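These are the structures in question, set out in turn.
Next come two complexes, and both contain chain A; in the first it sits with chain B, in the second with chain C.
The block that comes next holds the complex of A and B.
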């Protein structure tokens, strides 16, 4: 039989500290990148496609720009847009999911139909179609990805609402005279938020990936601005001559997404009073 | 004088998930039930799991609207009142739920839980605090629990907290759905005493839903025996328990376990057969597949409640 090593509470806490420390360093680099690396768009043809060195940790691209500084500049754009997108999507998803689950009947049927329509569309293709109509641009990118993103939230919120609205504490609050708005706001919403938060953090990573893939295809962020997907696209052209160009952006992208997911799990554990009890 | 609660021909029907446009399937949870409750009176509802007891209770306090029939509170039909009136009425009718775990919002602390009914009804802080002190001493809970969450207190404490919440707005009518099921005997006695006290001192009307026949016989003056959504026998508790007429009542009472063995068993009828499936209701008398005195008419015609003897006793059976 295999023996599982159970982490003690102290070890778990240390782990959380390590993750948060790493994430903090990355976040500082990402958020303050325009001040730390002010000349990331400066073109210098003498430094074209250099290998990683002490001056240029990730090497340089075909225009001789330092890849390390561009990665963090690019992540800044991605992270910011992704946060905005997920905030919009979460708000729409929560509102529609709560109403759909709580009211039921025809309202629920209508929203379910809409959700099916949205979910049936492959996100990237629908996004490209929308961008083709609205034209490229950062605002379009945000609108398109928010419009495509709310369904995942709405589905979970709806199903959780269906569960919670039948629970006795909701009936109890109703019996005490609580209005529907009170019950939705005070009883169902906080309980529904718990399963949604890990998804929301997961979706931030997902959003970063979506922005990157649209930029990779040329529909997202436009050059000369730095963006991870855009950089990966450019690097792919030189994959035989300078394969290291893919490594830096790839690692940072993977790390940021993984750390955000870990943070999401930590937040959920922190918010769940029942989970805290079990750790003692 | 009107009754505190008067339920007339209540039915609750659910659409079955398997039903199609061509074939309509229905689940009849409660089927044409009428009952009345006076102030200061307690009425028991007994029956097997899934016979519709809890659904009936929810309809009586207005948490679920009946498919057919009406519930009158003090002469007013609840389902026909405007929303503003219903909001005023709600605190008068309180449920106590079976499952204490799900009665309390897991995200609320004990303090928030006990204060909630007062917050909802805009009762001033000082009045509320005075009432809360009173309630906590009623149900024997201390303020040291205030910072805890429902999963951090014991099942008995949860149940008592639920009771305190139900009593907090001084209701006229309580439907207690197995309030003592998860409690140990000593706490059970406390809770039941408290309910009895409320009943005699404040004229509380009580419906006690349970399958614990001994508690029902202790707590109630009238009893209704329910089988598959409808009453099969109703009458004064003492009378029904001493002298059950319906074969199902005999079976229920015969199944009560006592400490001194068989001595106090009333009927010798053994429990047999399985609890019925509401989707495939038997024709005629719903109980006939399990009944040992079943005749041809039982399979064909549905019995209605008929008066038996000179007391307030009604039984739905062909073979009396």
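The block that comes next holds the complex of A and C.
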């Protein structure tokens, strides 16, 4: 016999508060890092490759730069870019998903074909190919990851639009003479937005990882700017001599992405009544 | 039950011990076996057929580069020249065969002398009049005008069979007269070579009977491979430093490894300044850059005391090298040079401007740990004299594309090499962009001096010409020499006899043995 435990509203709320609280602390450090740690790019060779200490919690790199401050400055770059990327991808995904789902027919077929094509390419490899054409740079990085990221949103928005466009309140609005733009904007858009939000939260973590991966491969942020992937790449040479170069950035990257994902999951649970029943 | 548990525990302990001891014995046996086999596993940065060095294991050059940078006999054993260097008579080594049994003779030598110079930057082809085959072992080479550098340039001709090349300078059949025979080749992956048992240089017959050439493109992975014992040696098949300098102290401290650093031959890492376009057209800006870099600090910090600072273009060990150091670090002079060109920090942001334009350089470097670190160092150093640097790190292919298009102000470059005469024909007198930035052919006088160097066979005349060349280069500042980037071999401690050749693009395994 299967047993189910109902997650109470209070439990859900607590979970969201815990993840949000932890994330908030990190976010404060990340967002305000240029003000908290203004000297993260300052070179001081006398402090070259210092072990972690009270002065330098994560140690220093080969230029004597404090790793703790660089990690948070680097996370700020990644987070900021990831937010921009997801905002662009979400906008494109919403527009295409709404049009595709609402208009149906040939328009839907066309967009479905496009989405299939985009999903056929592994994101990182496609991003590298695009960067090879467009050239390296922060702007290129944002464009490339946005272009590769909209499909996930479009799929969900399309399927939700297909459901909502057959609902009574939409049929009623149409019968009352509401235009397609009015129905899409007033009735369907607010309803499809909610299921997309948890995905958007998860995709922020995904975006941070993608930026770090591309920077690690040499296609992302340029030195001397701090960025987690770039820092991890530089640490490869010092892996036996100065392992702390790897540890600090690695831990913070993992924590931030894990917390963003946990928050995304918690929001999804909160917003999806069907998920409130969890199998033991 | 208890007895059963005890028995099981005992069994596990015995199994672990037996497995452990078997493993130990196995490893020793393997070591011993590999020593008897004399198989050298080489970790290489490039595909076997793409590098300059690996081909020297398969092919022989016509003449040899000796330690004093003069030319010695090899496939060409003797030569005579007339007084004005317009005629040379070459005598070839008798009894030499390619590894497939075909003979090396005057016809083969004639083909190689005519075919290869275009692809090996040999200047003699421009003045070559005719090659007459006197007999099987003698050739007479005639030039339209004097050409004194001919014999030296023959050391760059690696002899192939006439039907073993295509129309674009590619070798299609890797059959040579050299010490090894290519047995197996996987593009970008590996190659297997076995000893040429009929090698004609009996005094140079290598002890290593088989070479496993493994391509490991990532610099950190190469270092890990030699540390873990996956390969016997790294750095052997490249004429430049192929590992991060940061790793060298660690590798030197590793008792299982031996690190050999070449002090006599090699190149000086030199950054190219785009003197034909952009802000670096201004000679004072170029001078300020050269004066604004503290090379001692660079070497002691991000190069970990391994590389040696210098402002020369070529090592003094090479013939015709410059006698004096070039522009040394001087912050005051660097700032003065910028001021002389009208650059001043008007808005107090730490960067100088002229006509409202901030002095900003686009620095393009290929993606290696050393290049990234040196790039950040230079960025910081030039900031101190008010120059902003936009550092752009690309993969090797993109870097080459950008440099060839002249899309840079400051970049990594191909340095002057020994012999300097050879480099002069390649990039020393080039005034356009190539894969390595822009050449050093900065004015018409460089043309005249190049001509002087090629025509004369008199070393004194060449030396005088080169002194003028170095004066031009030091004054014009077409490039910024930074440090002597030594060749470094890292090998397992049981390998003996590795040595550096005067020709940095040659691999000589004649004395190598695995103990």
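Assume the second predicted complex is superposed on the first by the 243 of 280 C-alpha atoms of A that agree within 3 Å, B and C clash if a C-alpha of one lies under 4 Å from a C-alpha of the other, contacts with A are read in each partner's own complex, and residues count from 1 in each chain.
Criterion: a residue touches a chain if its C-beta (ideal position, glycine included) is under 8 Å from a C-beta of that chain, and two chains touch if they have at least 3 such contacts.
Everything numeric in this text was worked out from a predicted model, so none of it was measured.
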item	value
First, second, both or neither for A:132, with chain B first and chain C second	second
Which of chain B and chain C A:167 touches, first, second, both or neither	first
Touching partner for A:177 - first (chain B), second (chain C), both, neither	first
Partner chain(s) touched by A:191 [first = chain B, second = chain C, both, neither]	first
In the complex with chain C, residue positions of chain A that touch it	43, 45, 48, 62-63, 132, 135-136, 218, 222-224, 234, 236-241
Complex contact set, residues of chain B against chain A	58, 61, 63, 87-88, 90-91, 93-95, 97-99, 102-107, 116-117, 120-121, 149, 151-152, 162, 165-166, 169
Residues of chain A that touch chain B when the two form their complex	167-169, 171-179, 182, 187, 190-191, 273-274, 277
Complex contacts: residues of chain C adjacent to chain A	219-220, 244, 246-247, 249-250, 297, 301-302, 367, 369, 372-373, 375-377, 379-380, 391-395, 398
